[in-house]
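Structure, as structure tokens:
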Amino acid sequence: MNILPYKRRVYYYETDKMGIMHHSNYIRIFEESRVFFLQQVGMPFEMIEASGILMPVLSVECRYKRPLRFDEIFFVYPQIISFTGTRLSLKYRVTDEHGDLCAEGSSSHCFTDTDMKPLRIKNSHPKIYDVFAEEYNYL
Amino acid sequence: MNILPYKRRVYYYETDKMGIMHHSNYIRIFEESRVFFLQQVGMPFEMIEASGILMPVLSVECRYKRPLRFDEIFFVYPQIISFTGTRLSLKYRVTDEHGDLCAEGSSSHCFTDTDMKPLRIKNSHPKIYDVFAEEYNYL
Amino acid sequence: MNILPYKRRVYYYETDKMGIMHHSNYIRIFEESRVFFLQQVGMPFEMIEASGILMPVLSVECRYKRPLRFDEIFFVYPQIISFTGTRLSLKYRVTDEHGDLCAEGSSSHCFTDTDMKPLRIKNSHPKIYDVFAEEYNYL
Amino acid sequence: MNILPYKRRVYYYETDKMGIMHHSNYIRIFEESRVFFLQQVGMPFEMIEASGILMPVLSVECRYKRPLRFDEIFFVYPQIISFTGTRLSLKYRVTDEHGDLCAEGSSSHCFTDTDMKPLRIKNSHPKIYDVFAEEYNYL
């Protein structure tokens, strides 16, 4: 499926005294782009949570290349890099409006029920499994 | 009861490109001080929530006098300014380490059950009512 | 001038354990809408700061009517409610996608140079003065 | 040198709708602990910045083991894991009050002047170099 990048501007309150977007906010824009991505593949986050699945974050990482400044437009390109039915990993590329790389990162997630017990969604939620598997195989 | 002020330093990520603590963070430090205050009066927030009471915020306001900078120590002095059994209001004074006023504000709250339905805690939770009433009358 | 409302969705990290957008974030979305507003009236924030003017926040307040939930679309309608050349005040209405009121608030600002000394922008920056005066009189 | 861990509680606004501390905040508490660490080794962040050095973040990563909940006390143990005079890396362990591991991560940094040009601080700022080298060798 052809996924649109996530786009927005840097908010004033996201800058720090160095005058750049604080590095912690990249972890947040990864999440924003993940939500937009899931919406596009037809599996909005609310639908996932409504079906009793939580997707806690197991790990995140980010490498910073070029700082973003206040009100600068940026794009985030999320992509599934692995999916096993018990775990999901995505990578993210952040670019400025000229397409220059600003940051790269990734996140990995597991699937749990609302009591935070691990789920094998192939069995428990096959439709959600299929969406992730299809999107993963597409790439 | 003699209430201790809430004390901490300004975090780097709380500064903005003007080099000062972003104004939105004062609403957050009011909340931090409120939690510390409730703990001191013997009614920790978790205990309130465990008894099935939520305290949604009805309004907040803040007037800024002197900006706080990175790593600066500040104090927040919360105080109950009204309590009716259905509503609670607090004011907050923020000072620097010399006691100079940096900001002043207030917040008002109601009491609801976990479905966000209003509660008259005098009837539903008399022990919690008494704690607030006593603290209010003390002042 | 016909000002477009500011529109976006609630981010996951903006929710709190009550499952609603944390009240402090409304102060941040007021700022986001202010930046968008200034862009529309032809006086982007960067242009203001590039001309040596800072607009520190003197006060903010917000009254909460109906909580916003994760991924919910909302609109912010900012409007200048007073402008004197030394001070600027705006009010903000936040609605959900059905137009129902979620929150209302306001902010007031002064104008300073980069050393935080007050400016009378009618004299120091007449073009910026005219933009605010025109927008204020329009309403 | 014997470094004290950084200690605080989880704030209400740091929780998300899962009822746990949002994962992005761990990157922020790493920074908080880094500032406390630099203070303890006699090289407070303000002193570093006052000497014309910025320490931009090159990368961060975090692995989440056990979620922290509202008002829970946690500790962060930062430690220098590499120092070359042009780069500095730290790792961080986050534990709850029983010493159980909640998260682990790391950050790497370079040294630049205020125009973001790289610095070899062994030559440019030998006293700051010595502090980091000593702390690194100690461990």
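In this document, chain identifiers A, B, C and D correspond to the written order of the chains, with residue numbering beginning at 1 in each.
Quick note on the criterion: a residue touches a chain if its C-beta (ideal position, glycine included) is under 8 Å from a C-beta of that chain, and two chains touch if they have at least 3 such contacts.
None of the values given here were measured: they were computed from a predicted structure.
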Maximum centroid distance from chain B, chain identifier (CA atoms): A
Interface with more contacting C-beta pairs, comparing A-D to C-D: A-D
Centre distance in Å when chain B and chain D are each reduced to the mean of their C-alpha atoms: 29
Rounded Å distance between chain A and chain D, as computed from the means of their C-alpha atoms: 25
Centre-to-centre distance between chain D and chain C (centres being mean Cα positions), rounded to whole Å: 34
Shared-contact residues (touching 2 or more other chains) in chain C: 12-13, 24, 28, 31, 70
Parts of chain B lying in touch with chain A, wherever the complex brings them together: 12-13, 15-17, 19, 22, 24, 70
Interface residues, chain A side, partner chain D - complex: 18, 23-25, 27-28, 31, 54, 56-64, 67, 116
Complex interface listing, chain D residues touching chain B: 8, 11-13, 28, 31-32, 35, 44-46, 70-71
